[in-house]
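Common to both upcoming complexes is chain A, partnered first by chain B, then by chain C.
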Partner chain A sequence: MFTKLDNLMTEEKSRPPLMMPLALSQGVTDAPETNPENPNKIEINDFTLYYGKFKALGNLSMTIPKNKITAIIGPSGCGKSTLLRSLNRMNDLVPGVHTEGKIFLDDSDIYVPGVDVVDVRRRVGMVFQRPNPFPKSIYDNVTYGPRLYGIRRKYELDEMVENALRQAALWDEVRDKLHQSAMALSGGQQQRLCIARALAVEPEVILMDEPASALDPVATLKIEELMQTLKETYTIIIVTHNMQQAARVSDFTAFMMIDNPQNRTGKLVEYGPTVQIFTNPKLQQTEDYVTGRFG
Partner chain B sequence: MAHISPRETFDRAKQKLLDQVLILGSMVEEAVQSSVNALQRRDLTAARQIYAGDQRVNEKRYAIEIDTITLIATQQPMARDVRFLAAILEIITELERIGDYAKGICKINMMLSEDALDPSVLADLQNMADLGLGMLRRSLDAFVNHDADTARQIPTEDDLVDALYNHIYRYLINKLDYTPESIDRLSHLMWAAHNLERMADRVTNICERIVYVSTGQIKELDSTGDEMK
Partner chain C sequence: MIESIPVTTTINRRQFHSKAGYQRRKMTNVVMLSITGFLTILALVPLFWIVGYVIHKGGQYINLDFFTHMPRPLGMAGGGVLHAIEGTLILTILAILFAVPPGVLAAFYVAYKPNTPLGIAVRFGTDVLAGVPSIVIGLFGYALIVKNQGHYSALAGGIALAILMLPTIIRTTEEMIKLVPQTLREGSLALGAPEWKTALSVTLPAASNGIITGILLGIARASGETAPLLFTALGNESFEIGKIVQGGLAGHQSIFTILGKILEQPVDSLPLTLWKYAQQPFPERINQAWASALVLMILVLSINILARIWVQVRTNRMQGK
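Take a look at the complex of A and B:
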């Protein structure tokens, strides 16, 4: 016990004077594999989205750092899910959508005409609010994506399944029943299966749209712990209504609101390290929202 | 209900906590004032009562602490709310220590011999108490009113308290006749002065917390009111 204290004191003495709280400095500078030239995985550049005549997102600009969890929070209808779906062009599937501006995934704009949208969606996977496993076996759920990419050999598929399920912290629970129906799993397990399914195609970014809101508290916390492990490999963006979850889980937080009740166009109000947004936000609007005094 | 504010319950609970902090502040102000008065009059009965009364100060402080922790756990406060509750935890600690200083002065009163005390020293001690208590009262007002500007200014008055402390010290040294009784009296009176000087220091700490609630930054305020770099 004394040796441990000695070690701690030695470490403390050799630490340079802190200019800001440790938690905050870790959030900003602690990125082990970051490319010093571009620490951002995604860059949203003056992005606007219309559903027909309705301007849902107005001139949004934001960066998403690599290997971090970024939370998007804001009141209902402010465009959080629209923004999330824009990051892998899921909004293309909505009739009448058109966009302006750019979204860069690793320095390439995904909205340039001719971009391989299917590949974008492989690189930027998505997990939805309600777990949506296919009515197939656990095994077939995970191999669905890889099979579409032409992977056929059993040993390769077996390996992918195990790898994906391990990463999703589900392997130990289902290893003996891979060929049972996914529908027999609990809600929390189904959601982790959906995460495994997304991971099986080796994405780079994982988008999560309220991934735990349909789950019980224990399942929720398991998903949150999983996210901490996953961010070492992937970049994660989560939309959540649950502010305590955003505060627990994310490194950076973006707060969105509609600009006014007439236009209802979604805007980015404030973006910063999560610790700052939740302990000392810069703007009164952000403060009102995170303290629950909005509206 | 015609209109529901989203955090009414929480806001009411915060107000109740604030009221309790003011009550605690009032209790320790009263204790300091009475302990110095009792020293002036050499009233040992009063000194013993005030000494015993410190237990209620401690109980009050712990009650507020428990209520504050409960509010943190049950209401998930963020931003200004969490800074406010964190500040309460620090401020009640400072107030409780001021209560201990009052108790210390009572003990000194009881330990001093029956010889009369120098009126000049007693007057200076009273002045120190008045200055420190004025600072304390205004700091608690600033806390209630979220007044960071006043909170930044109050620590500048600490210089006056320090000057009185030094004055008492030099005066007593000059008058020292080096008998054991004289040395004993000097050391007790200096300790009483020390307690009053420390009270003003505690008020400075309280002011730092008030500024923190407003700005989110914890910075030391020195006696010029500047944040120490």
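Take a look at the complex of A and C:
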């Protein structure tokens, strides 16, 4: 493995990263087979991301299947969240970011110039680590997205609110207090409200950045159950520090790690069906990580 | 290492458990507490003295006439400071109109883009402006507006006060915007909202309490200022909105003409009146100066109290209490 990495380093100096041979940088991926019944929703193709001069993600390639839950695991600072945020171009907000390579959502690259970032973010929703409801009423939180896209009629909005809240398994708890402040809800309810808020714009993919790390076990369980129902309609990608959670909820797991301590570039180590990653990983590094020997 | 521990414990034990040591520490505590208490009272004396003295001197001259009547000729008792109250109102409204929009927007710019050349310039300029003596701002208003227009006016006074308010508004707003959690902003952007929409419908409401407090503090400061008005609004004992409006309506003038007439006149304000009356050799005027001081004090105090109450109510509502 180390000789591989050394090669990688010298190669990087001599020519631009884009030219690197794919196979070297990818690690082992046992990616889901493409088939017509279960096509890939997202295809990441040789993707590299820089924060200024710092290469945060190096030549990453993977495919994410539709209507499945894909977990991204790995030690802190390995670029999991950066990768997740690349999928709806949230990294655009960080000054000095630039990217190379492609990320296909269905068949279109979301990184070609002229792409409507607003549309990408509508199709790829996001739920954050800490519940972040707006300091508005529950109703206004859910309708925030639809209103952005020009939906104004009250009956339409009402219907969307009920739909989204039902999908997020929150409707029964809040149906009588839709116009009360969202800040008065419990942490778990707030997080489900944030999920409802993301669902209200009818996305295709939902990105979850450690959605349960700030919640108690009961609220966590609710979120995990919710994910199982949501995956019938949506493609879910979850970043988690909690390996049990990844093992419990996901269909596929991607294990990421930094390249080496000097350059701290995040790369994909191993990717495959969750069962395989957790019970019979192909690489020693993956086995060490999932069995808790480091990280 | 291990042997040394019992030694230190013995020393400590002797110090901490001896009766004399305890008494001494207790005494030190009492002495220090008394000193802080005494100095606190000392600091509060001028405050209550001023408030008490102004109430004592001015309270008896405050009556309904004081608020509803124009000044009477020199040397005659009675009359009020309606002109100054109206003037203060107009000047303050003008100052808000001129200072709040650019102030809040500049604060957004500085908070979002602190390290751009313009951001650094605005922050530096704000700091400098906050330290400029208010009389200099008055002179600036004179040179900029009064000199060009050829006459003193409420407009010039309002602009001078707006310049005075700007640094307070920019700094407090900026701090409040920075306090809004980044995740809230991201939540909006992740739904596809553009940056301006996020600023307007998420950041601004979330920071509104603090922003409003900042604005009210700016108002409280500006409405008590005399120096910038000396060169700009000048003062006008015959300024009466009612009369201007009546005259305008009688002449079938449009609302804009009437507004223009109000703005182009020199106006008085409470601090200005206080300053002028206090210099006059008529006891009636001196008394009215005290009364004006009291009204001004109450005005500023109630702005502050209102701001606090309002912010509290809104915070509670936002948190769903």
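By definition in this document, the second predicted complex is superposed on the first by the 257 of 295 C-alpha atoms of A that agree within 3 Å, B and C clash if a C-alpha of one lies under 4 Å from a C-alpha of the other, contacts with A are read in each partner's own complex, and residues count from 1 in each chain.
In this text, a contact is a pair of C-beta atoms (placed from the backbone, for glycine too) under 8 Å apart; a residue touches a chain by one contact, two chains touch by 3 or more.
Note that the structure is a prediction, hence the values are computed from the model and not measured.
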Chain C versus chain B on the shared chain A, clash or fit after superposition: fit
Partner chain in contact with A:273 - chain B first, chain C second, else both or neither: neither
Touching partner for A:119 - first (chain B), second (chain C), both, neither: second
Which superposed partner A:291 touches (first chain B, second chain C, both, neither): first
Larger contact residue set on chain A - chain B or chain C: C
Partner chain in contact with A:181 - chain B first, chain C second, else both or neither: second
Contacts of A:247 with chain B and chain C, given as first, second, both or neither: first
First (chain B), second (chain C), both or neither touched by A:145: second
After fitting on chain A: smallest Cα gap, chain B-chain C, Å: 18
Chain A partner contacts - residues on chain B that touch it in the complex: 5-7, 10, 76-83, 215-217
Residue numbers on chain A that touch chain C, as the complex places them: 88, 90, 93, 117-122, 125-126, 128-130, 132-136, 144-145, 148-149, 180-185, 194, 197-198, 201
Footprint of chain A on chain C - complex, ascending: 181, 183-184, 186-194, 197, 201-202, 205-206, 317-321
Residues on chain A engaged by chain B in the complex (per definition of touch): 243-244, 247, 278-281, 287, 290-295
